[in-house]
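Each of the next two complexes has chain A plus one more chain, namely chain B in the first and chain C in the second.
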Partner chain A sequence: MIAEYSSLITLIALTAILAYSFYAVLIAGQLSLAQVGLASLAAFTSALVVPSEPLFGFIPPLVIGIVFGMIVGAFAAFILGLPVIRLRGVFLAIATLAFGEMVRIFLINQTWTNGAQGLSFAKLVGPGVAWIALIVVAYWFWRLSGSRLGRAFAAIREDELAATTMGIDVPRYRMASFVIAGAVAGLYGVLLAHFSRFADPNEFSFTAAVDGLVTAVVGGVTLFIGPVLGSAFLSLLPEVQRAIGIDAGWIRPTISGVLLLVVILFLPGGLSGLIPVRKSAKRLNVDPSFQPTLPALPAVGSELVNLSGLGKSYGGVHAVQSVDLTVNAGEVLGLIGPNGAGKTTLVNMVTGLTPPTTGTGSVLGVPLTASTKAHRLAQAGVARTFQQIKLFNRLSALENVLVGGYRITQDTLLRRLFFLPSARRLEREAVAMASAQLVRVGLGEKAANAAGDLSYGDQRRLEIARALASHPSLLVLDEPAAGMNHVEAASLSELIRSLAADGIAVLVIEHNVRMMLATCDRIMVLNFGEIIAFGEPSEIARDPRVLEAYLGSAGSDEDVEAASVLASETLAHVVDDRAAEHPEHDGAAAADDATTPEENR
Partner chain B sequence: MQLFLDGIFLGSIYALFAIGFTLVFGILDRLNLAHAAVFTAGALVGIEIVTVFGVPIWLLIPIVLVVGAILGIAIERIAFRPLAGRHDAHFAGLISSIAFGAIILSLLQALYGADTRRFPADAFPTTRVEIFGATVSLLQVVILIISVSLMVVLTWLVAKSKLGRGMRTIAENPHAAAVLGLNVGRISSTTFALSSALGAVAGVLFTLNVNAASLGIGHAVELKALAVIIVGGMGSLPGALVGGLILGLAEVLAVNYIGSSWRDMVAFGLLFLILILRPQGLFGARKTREV
Partner chain C sequence: MRRKLLSAAVCGSTLLLALTACSAPADSGSTAGGELTGTGTGAECVIDSAIPIGASFSLTGAAAQYGAGQKNALELAVTTLNEVGGVTYDLTVEDDATDPKEAIQVFDSFISAGASVIIGPTLSNTAKQTDPIAQDAGVPVLGVSNTAAGITEIGDYIFRDSLTEDAVIPQTVKAAVDSLGVQKVVVMYANDDAFTESGYQAFAAALEDQNVEVAETLTFSKADTDFRALLNKAKQSDADAIIVSGLIDAAVPLVTQAREIGIDTPIIGGNGFNSPALIEGAGDAAEGVIVGAAWNSASDNEQNVKFIDDYTAAYSSAPDQFAAQAYAGMQIIDQAVRSECSGERDGIKAGLGTITDVPTVLGNVTLNANRDAEHDALVQIVQDGQFVILN
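Entry: the complex of A and B
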């Protein structure tokens, strides 16, 4: 009975290993069709080195073949990755597909592969070996899924830009997933050749690559067990059909096609999506005893950002012109101005997303040049939120914040592979730190919800928690109060003040002028890329150029609203209230000037 | 000269196939991998029609256009529309179109069997003419005329007509297009119908050229077409035309000067080179990323 199905059982394992090779790139959001080509390279080159007798009398020939094949696969994937890793989506898929076909045509035309006649291999692989290999591979991916590396891959898949600003070196990690996938593909190639005893390069074709991809997708990439499920499903399907007596040549592919269509249309997470798992395996951990001690922030008042003459122009358009600015630890610096004034461009330069065209600057000791990478700045201690929310939508709120902690946590994959106690401790610390930030922004209850399902205001708060999780010295908030009501904005303002009290330098862009006047230590006003005013809130509120910029621009509703706030009498109260609350900041009475804005009306 | 003309004939068929491919990608941002099955369906259905009814070529082409269009609408309705709004629609569409293509192929197998089929020997005139010292068959000239005129009509349609304006609006932003009152569903269906109609005709013309069709012919052409649309620039119609001609010429030259075993390397080498040197292709516009 077992003997009858032995080759089917082996093939399920081998197909699953091929599917893992696709899985390894898919979890990092990449689609590579080179896997079968890499497997083919590994299989045929292994024929050159696998000895017929054990090496030194005790190393089995298959082990040599596997090690060699995995190295060939990983190395070829690296070489292929060098030019193609910057491609995305279908472009990457097509480039890798082309590579696979080029490998096939190359091998067909070589004499050492025996060309299209094919090559014989020793029979070294049976069900036992195949399943042991599969278990090892599956185990590795299981331990990967909860590690920092696994989270980094997930973050890249969900949003590359946000991942970069968490300090993740995106190209390097994408290459890592490529090389891992290459090694697994190499393993598959060697095992397959030594199982079927015969291989010709034409077996490793486009169709085979598509089959591997289909297996991985049918199984699903949300759970590490997906490739095994996909392989079992697709391998057993024709057998089951044969067993129940369906014989006509065309019915089987039709049924297989229909089932594949049903799975892809109605099971978005693939077959592994059917397995009930706890929505978020990691729970909130608010026990303070797990909180590690973090390195101290820079001393309050020390200079963190120093820009001199920094500017950015696109063609002839000057988005930002010659900005001089210093930001010190522990202060809240506001950035206001009409839409299109260059505020976001300025903070994009400060966070390394946009290279400046003129001027110099340094942020936390990292110089801002054309080649400064955003992840370098993030690693130095810059964290930010985005005007258009960029969360990892399919990850839970807690997982989002855990990714945010990338900078201050260690990678745990190796420790997790061997179940070291330190792996548990490090993961618990990471969860404790993330939990503390979630609770701080008031999202403790929603830790297990997917980020994409949260309300707009909650998403803004979650982005702040994620940024805080990296223990930043400089926090950049791009319109954090957008879409919040007055109550929410007031508590946000409180949060910002408390962060500054902790010693974090906060750079805020916001249209809610009332909130800005009440929150910031200094405010910079930009218009048409130039600084038109810079000073304490009380000075800004009375500056005629500021009023003109808001009233004269005749722009959007937000401008008009901001202007009316500026011009209203409540302004005086805002500044007064603040002077009463924070006597250390000079907010000396502005009441006598409160009539001036009225004249501008 | 003979080589040049052979290259043009081959290239015009690649281009006709690729232009349907790139039309869907350019407007709906989806890669429809069932296109190869439509190509095969066009070829086999075309052979069946000629064998049974003995229709002349000028009647065959419109019939196959209609068959292709119907298939295209089915692909859009069944394999793509249910995915709308899903975050992985791009990716799932690849797989669902592969599945739908497999279904089309298995149904073709049910109808016509798995063997290679040919047009009846005397179905079309075999007149040969001499141009610039090269010998070409009248059929080849007809193939060239049909494919080029279909491509010109399509390009005109997309650039000038109301339907084309709707298509280009959807390409920019489908949500905004829906808000503006465009019937996004119907325009998507029409795009798929046009694309598949051209794909099916390409199948017939390809089969006329080599006079043999089997279930597997679509796959080889699909791979080449991917090369063509990358070389020409994803989503660019003139790019697909020029890319197809370049590939046709390059292949014919490669067979003549390097050897037929390396012929397929040309397409993929060219594709790889373009992706590395100029990823947006010869005629494509570089898409800027938004922050």
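Entry: the complex of A and C
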């Protein structure tokens, strides 16, 4: 029976390997169609090096072909990646598609490939070799899925900007997934050519690329076994139809198409979505004995942030003008101001997301320049949350926080491949640290829930937990209390105070002025990108310019609320300043819209 | 949740079905018993069991236009031959979807199901992947449309009744030189297709033999449909004829556009041009196009006339060369079976080795020592909307 279906069995394995090369980029959120082009390059170049006799008498020719093919695939992917890795979505797909077509046309016009006539290969691959190769590849992706590298890929797939602020070097990791895909594609090309004994460049066409992509998507990218399921499903479809006696012809592809549609419609996660897995295989680990000792935070009072004359203009619009600021370890610095005042632009500059146009600054020893990368600052110890929540929605709460721990954990893929005990220990430590942060923000019960399913307030807290998981020296919170009621806001305030007590410098933007007055050591008030007041909460509450800014604004409800708080605290001043003019607001508001320039690329 | 259960049920049962199909015992080789040999030889040969024949054609996908005619003609041939009596055939036609990977599995299933001989596949590059499997398993293969070099070299079980480009093209070039006095040509070919590229190689060799000057060699892609730029270049070289090795998809626009821009020199095509579609598609522009062919549709050979009539009656469309070659393939297999009076694999293989001057719709066919077909090719020219033999 095995012999009878040996081609089918072999092809299931080979197609699955091709699907893994798509899987490798899909798990990092990239859509690349270059894989069959890379496979083709690997297959044809391997024909140049595969000897007919074992090398040195003991290295089998196929091993030489595989190693060579994988190197060619990885190297070609790297070269291709250099220009195209910045592209996203459909643009990346088109660029990689063009590459595949380029490879096909190049190979057709080479004499050493015998052009469109194709090239014969020795028959070196049977079901055994194909399945061993598949098992090795599947094993590798299985061990990847729980490692720090695997989590970084998932984070990039879910939200690149958030991943960057966790300290993940996004372009480097995207390139890594590209190169891994290239190596796997090279393996596929060499195996396929040495299985079918013949290859011509036209076989590695756009259609083949789409077939590979469909296999990966049908199998699903949420679980490492997906490509195998996808391949088995699609390879068996024609065989099954043949076996049950459906006549050859148009009806078979039609049935296959309908079944494919059914899978895509009812199983958005692919066939692997059918396999019951807990949202997170890991549970909380609150045993304090697993907590590793972390490096000490900077001494309380030491200067962490130093900005001088820092500013940002978008064309003629000055979003932030000439801000001088120092933030010290252990203090809570509040940043308030009407909508569009430039608060988010300022913290985006501090966290490296927006390059400043004027002035200088340094954050945790990293100078702020046009070329400062956010992930560098994150690695130095800056963590942040976002005004618009940026969680990794399809990952569980615990996994979100584990990604947050990227900065202080080690990569475990190599250790995991060999099941070293240290892999287990490191993973356990990472879970223990993440668990502690989840419990700290009060989400211990919801560790296994998908982040996207949490309530708004819980999402806010989860974002804070994720930021804390990186053991930051400077924590930037952008409107953390938005959507919280007074009780929740009060406990948030307590949390912030306790963080400062631990020695973390906290920079908070918040519209809840009552909470800010109660929480902050110092408050800076921005309006039209300029500092209009800076000092202790009690001074700020009495500052006439602050009142003017708030009461004069025709801003949102939050502004009105903030104004009323200020008004109640300093009623006398309010009366005096009633006659203030309504300032123009549009310029600064427009600038504040561009809070996350990375997203608009 | 219910939706998830439903989809789980749908996909689960599909997979289950797939697995049971896999584990179903197949009667591999069971037909290779003694019933496939009979008594008598030639017309008197009687074999009790029907001889299982597998045919793998491209019924869907890019080459579907060729596979459909092949399937029809083969089924017609089997029906006709089964009526003769003595020897009957059990034909299974499978679709390789123009995908070599599918074709490999089709060959596997034919071999394990006990097919005595396999016909096909449609495309040469597919044959290079499938035929070694049959060779290893000791199952004879008769290619009916593989024209590329290197097919029958795969092994001694691999035969074909389709003339190679090397057999047809030299005759075409010679006829053009003799009857039109062609001295200088422009050669155009699709360089990304195995069939058209090997056609080009045959043209180049034949032109050299005939001492014809090649003014220019221009390449295009099999997917191209606009040839005006290339044709303008060809026009400037002031050649006596344009030689084209392309598929029929390129033939129609190329010929039409050549006439549009005022090229009135003869256009000489390879096997790809030999289709009624050329005349239908290009109309008046096709006049004067010279095509080498393995099959003469206008032949008054009795078998051929009957074939065309039967085919047209059964499928209400005229057969093309692919259909004729498939039909002839079945005639050759019938001859091979009867000569040894054996439907066994090795019997058919031995029988195919003795095919000499067998009358078919293609004319009298011989399979030579290299297991390649030998029969008269002909050179046709389009005149008054019809292919006529160029003298």
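The rule we apply is simple: the second predicted complex is superposed on the first by the 567 of 601 C-alpha atoms of A that agree within 3 Å, B and C clash if a C-alpha of one lies under 4 Å from a C-alpha of the other, contacts with A are read in each partner's own complex, and residues count from 1 in each chain.
Note that in this section a contact is a pair of C-beta atoms (placed from the backbone, for glycine too) under 8 Å apart; a residue touches a chain by one contact, two chains touch by 3 or more.
Since we're looking at a predicted model, the values are computed, not measured.
When the two complexes are overlaid on their common chain A, residue A:L236 makes contact with chain C while staying clear of chain B.
Contact with chain B, but none with chain C, is seen for A:G257 once the two complexes are overlaid on the shared chain. Legend: residue contacts after superposition of the two complexes on their common chain; A:L161 is shown touching chain B, with no touch to chain C. Of the two partner chains placed around the shared chain by superposition, chain B and chain C are both touched by A:G249. When the shared chain is aligned, chain B and chain C each come close enough to touch A:I108. Of the two partner chains placed around the shared chain by superposition, chain B is the only one that A:V84 touches, whereas chain C remains out of contact. Touch criterion met: A:A98 reaches chain B, while chain C stays clear of it.
In the superposition on chain A, A:L48 contacts neither chain B nor chain C.
Chain A uses residues 105, 108-109, 248-250, 252-253 to touch chain B in one structure and chain C in the other.
Contacts from chain C toward chain A in the complex involve residues 3-4, 6-8, 10-12, 14-15, 17-18, 21-26, 28, 59-60, 93-95, 97, 100-102, 104-109, 112, 125, 128-129, 132-133, 148-150, 191-194, 196-198.
By the touch rule above, chain A contacts chain C in their complex via residues 1, 3-8, 11, 104-105, 108-109, 115-118, 120, 123, 196-198, 200-203, 232-233, 236-240, 242-244, 248-250, 252-253, 259, 262-263, 266-267, 271, 274. Contact residues on chain A toward chain B in their complex (touch as defined above): 31, 83-84, 87, 89-91, 93-95, 97-99, 101-102, 105-106, 108-109, 161, 206-207, 210, 213-214, 217-218, 248-254, 256-258, 260-261, 264-265, 268, 344, 348, 353-354, 386, 393-394. Partner chain A is touched in their complex by these residues of chain B: 25, 31, 78-79, 82-83, 86-88, 90-92, 94-96, 98-100, 102-103, 105-107, 109-110, 114, 219, 223, 226-227, 230, 234, 261-262, 264-265, 268-269, 271-272, 275-276, 279, 289, 291.
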